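Both complexes below contain subunit A, partnered by subunit B and then by subunit C.
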Partner chain A sequence: MRRRWGAAAIVAAIVCAAAPPLQAYLKLGMQVGDRLVSLQWDRFPVRYFVTNRAVPGVTPQQVQQAVSAAFATWDAVPSATLSSQFAGFTATGPLENTAQTVLGFEDEPSLRQVLGATSFTVDVTTGEILEADVFFNSTFQWSVAPAGEAGRYDLQSIALHEIGHLHGLGHSALGETDLHAGGRSVIASGAVMFPIAFSPGSIDERTLRADDIAGISDLYGTSAFKQTAGSIAGTVRKNGAGVFGAHIVAFNLKTGNLVGGFSLAPDGSFVIASLDPGTYVLRVEPLDDVDLDGFFDDAARVDVSFRPVVYDELIAVPRGGTATHVDVTVVPK
Partner chain B sequence: MRRIAAVALACWGLAAVAAAQAPAAGRLELDAGVVWTASNGLGAASADLTRNPSTGPGPFTLFETRSELGGAVGAHATLGIWITPRWSIEGDVQFSRPTLRTHVSGDAEGAPDVTATVPLSQYLIGGSAVFQWSPGRRTVPYLAAGASYVRQLEHDDQLLQTGRELHVGGGVRVWFSSAHRIGLRAAARVSFPHGGISFQSGHHPVASGGLSVAYRF
Partner chain C sequence: MVRPVAAVAGAWLLCFGAALHATVIRPIEFHELVAGARVILHARVLGVRAQWADGRRRVETLVTLEAEEYLKGQLGEQITIRVPGGQLGRYRTIMIGAPAFTAGQDLVLFLDSSGPSLPFVFGLSQGVFRVVVDPARGAFVTPPLLEGRTTAPQPLVRGAMGRQPVPLAAFEAAVRQAIGDTVR
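Right after this comes the complex of A and B.
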């Protein structure tokens, strides 16, 4: 199945200049000298303001409740050390240039495919996120109803995705989409950080998945988690050469968890970190061949011309260690 | 567990009646030989994505798996202490190299079916209570029940899984002489594993059998 982001697809995009992906999930990163550093917060709690602006059906107080619930969901990941604090309402919109972290609605009718977006101010010498802003596009219909509301996007779900970006996570490719007359829509996903939102009315994306938890734990993992988590390292090759941009999915046979990563080097090497120790099936597939820049700045380098394959060895991820020499060969389409 | 206890109590009663029939042999017995363990189904698991509610009910399955721990031949050694002519307590060590196999099928994007494998090193360290009938004869049947600690190392010892198992079984000793010094021992056992490598909530009983040389001293 080809997965293509069509013109009518609703994309929860990230606005972040010069943010190449780091290993897996993706994490957002930036070039500092000759090295790539991940974008992440160094100081907690993350103090955020909510714009005092209502949209039909959603009051500012309800925005704050939905946003706080989304922050709390990330904060509650037991294997990560995150905390956040609501600092108050503000008349400032999230797209205005301030030194505060602001989340709220903006009317952006020209962004017909964007439900929400996140922008950052970072220390370019360290990658530390100094502040970040999230806007929700009031061009769309929104809901904060506990069980969702037909025809309206669930604010808490979209906030959960954008706050993942706010914490430094990029997009996950764990999902399947479908091409139809109106463009692409998502059939299913394995991560809140998948770039296309579920249909209006759904509240299924209020819950983090294993891929999201692995990603955030890789960035902000507790010391205990880092001592016990394992990883898989290997290469993806085609005709003897490394494959750049292959999507690698690790499936834990015991827990059923799915965690994705990418080969992000010219030699096709990859690392999927922050995995529970256990036995894994590894599956390699090409990334969707449209809207690759939703995942990579350098989309032209991404190789999508190979067939999905399941690696013919089971992978034992050790406690606190790395399963190495996982060399997957794919065949051209 | 309740059933095992009932068998043991019944055997104890038999032992008291027949204690005087035992030949004058040593109290220790050392066995060494081979053990065969049957393949063990570890269940099915599917790699599921959360489906967009507007596209239908239930999860979206990316692919499906079915796993088993393959049958294997290994080695074992047992040291037993005869407490009475009918009753002994044994310590047992087993080693085998089964292969863990997972068949992956039904890929949503058409990846070919494949059976992914990884070799294991499996150690069992345990103990059993053993009751034998007719200890004065050269062919002596017995029953045994006990428990073992299971240690499984995957892929060149990279991953350790541990667990335990309860087992019941029986067999026969065939002594080469009436002195009961040297003989052959054939055994069959059913184990009920808990922990170790398992990919579903429940465990299946596992059959095994062994053949060893017995030496009593």
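Right after this comes the complex of A and C.
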């Protein structure tokens, strides 16, 4: 889920995403008066504090090291211009409104099933981010071991996801899960920004994927990147009407990279931006296996009753341009 | 746009299935959701109101609900729950992934509580199911039910024919069945 390409497409995506004033998917955006603005930082480095609070097996210093490593991973994306700076330890918890950006552990009963969460406080008259905090749930078992630790969630991995939100990215739907009696597990993912936790012990998610890199480059892309990246635009329709909330995945035949997007308007239009030029296959599928509130403000509008389809033509994404408009027709279940 | 695509579909699936990874929420299967929630109800949102909490240290939103039917537990005809974030004056606090409610919404909610504080949604937004009325087919619950029926893991394939928004009555029956399974 990424945007970069023409300004018009970016605006269109946000307009649709922000039907009610705000939400978390693709890029985070909100309505400011009659304008729609994306939630993103305009001053760098992003200065952050770390809560001076330990959990079993992890000291505050280790929290800071894991968080700093995660920030550094985002900062190192060559096609984006980001920077961050550790500002010090604080006694403040991450769920408190303090006008400081704080990351740290806390125990909040209403978030018991949540490993980590990011919150923003925004001035709705200007769209300015006043603070963005990241909560890590102290009731889980955590690890900062370089190779991970059985039975414990990797703090750096979770921090990498949350810092993606902190920079303005929403959730990606590039992931698969399986079900068994009494449980559900992640079996595959193509993005750090996929919202469901993988089993404890894994450190695979310390590494950004193509989808994450496309997203962050859309928000903070270098001028050189913006001149070379391409995009795919189109519509998804069912019975002649636009489909809202379809998941569209672009698969690069040369690199094997996957980048996802969504149809975000009543007419079913979509844009997948920040793509490497090349040849792509497009798949359209319903989001019928996810917690829709984690993606959309208006979850009840999302159409999940159609069959997935692979678009029957290859799509050539030009350097610095947009592929020919793609019209995808899906069939009701 | 050119060339037909059939041959690449297999390569696509292989590629997608190769990578492992994770983050954020611990996913909850339906039976676990039923067992873990202290209260399950079908309700309509009457109103929402943001307020300061914890001595003005954080913002939360109080959601007042009119209960239509309790499937588990009992909290009265009108109840208030709390969700993270909300707007006070010109400042809005947003927690990514937290459910947002507006007056008039029709919902099935899985709730939990802790001590004397107000109830909250179990599993952040995983405990929220929205009731959508289709004029032709009646009331349906979305997202579709994710129910693990066997001990062997069954991959969730997007768009599988069997997975559809469930009629409200069938959803409620499934909840009652799961409660019965838990009791046995």
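Definition applied: the second predicted complex is superposed on the first by the 297 of 333 C-alpha atoms of A that agree within 3 Å, B and C clash if a C-alpha of one lies under 4 Å from a C-alpha of the other, contacts with A are read in each partner's own complex, and residues count from 1 in each chain.
We adopt the following convention: a contact is a pair of C-beta atoms (placed from the backbone, for glycine too) under 8 Å apart; a residue touches a chain by one contact, two chains touch by 3 or more.
What you are looking at is a predicted structure, and each value in this text was computed from that prediction instead of being measured.
Q: Counting only touches as set out at the top, which of subunit B and subunit C does A:Asp327 meet: first, second, both, neither?
A: In the superposed model, A:Asp327 contacts neither subunit B nor subunit C.
Q: Looking at the overlay, does A:Arg184 come into contact with subunit B only (first), subunit C only (second), both, or neither?
A: The second partner, subunit C, only.
Q: For A:Glu176, select first, second, both or neither according to whether it touches subunit B, subunit C, the two together, or no partner.
A: A:Glu176 sits against subunit B and subunit C alike.
Q: Counting only touches as set out at the top, which of subunit B and subunit C does A:Val310 meet: first, second, both, neither?
A: Both: A:Val310 reaches subunit B and subunit C.
Q: Regarding the shared-chain residue A:Asp42, is it in contact with subunit B (first), subunit C (second), both, or neither?
A: neither
Q: Touching A:Leu115, do we find subunit B (first), subunit C (second), both, or neither?
A: second
Q: If we overlay the two complexes on their shared chain A, which of subunit B and subunit C does A:Asp267 touch? Say first, second, both or neither.
A: neither
Q: Touching A:Val124, do we find subunit B (first), subunit C (second), both, or neither?
A: The second partner, subunit C, only.
Q: By residue count, which of the two partners contacts subunit A more extensively, subunit B or subunit C?
A: When the residues of subunit A touched by each partner are counted, C comes out ahead.
Q: Once the shared chain is lined up, is A:Lys254 touching subunit B (first), subunit C (second), both, or neither of them?
A: first
Q: Considering each complex separately, which residues of subunit A are in contact with subunit B in the first and with subunit C in the second?
A: 174-176, 178, 185-190, 198-199, 202, 204-205, 209, 251, 253, 256, 258, 281, 283, 285, 307-308, 310-316, 323
Q: Across the complex, what residues on subunit A touch subunit C?
A: My answer: residues 20, 22-24, 28, 30, 95-97, 109-125, 130, 140, 157-158, 160-162, 165, 170-171, 174-199, 202, 204-205, 209, 247, 251, 253, 256, 258, 281, 283, 285-294, 297, 299-300, 302, 304-308, 310-316, 323-324, 326, 333.
Q: Subunit A touches which residues of subunit B in the complex?
A: For subunit B paired with subunit A, touching residues are 45-55, 59-60, 62-63, 65, 67, 100, 102, 104, 107-112, 114-118, 154-155, 158-160, 197-199.
Q: Contact residues on subunit C for subunit A in the complex?
A: The contact residues of subunit C facing subunit A are 1-6, 8-9, 11-12, 15-29, 31-32, 54, 56-59, 82-85, 87, 90-100, 102, 105, 112, 114-115, 117, 120-126, 128, 130, 132, 142-144, 146-156, 158-161, 163-165.
Q: Subunit B touches which residues of subunit A in the complex?
A: 1, 174-176, 178, 185-190, 198-199, 201-202, 204-205, 209, 249, 251, 253-254, 256, 258, 277-279, 281, 283, 285, 307-319, 321, 323
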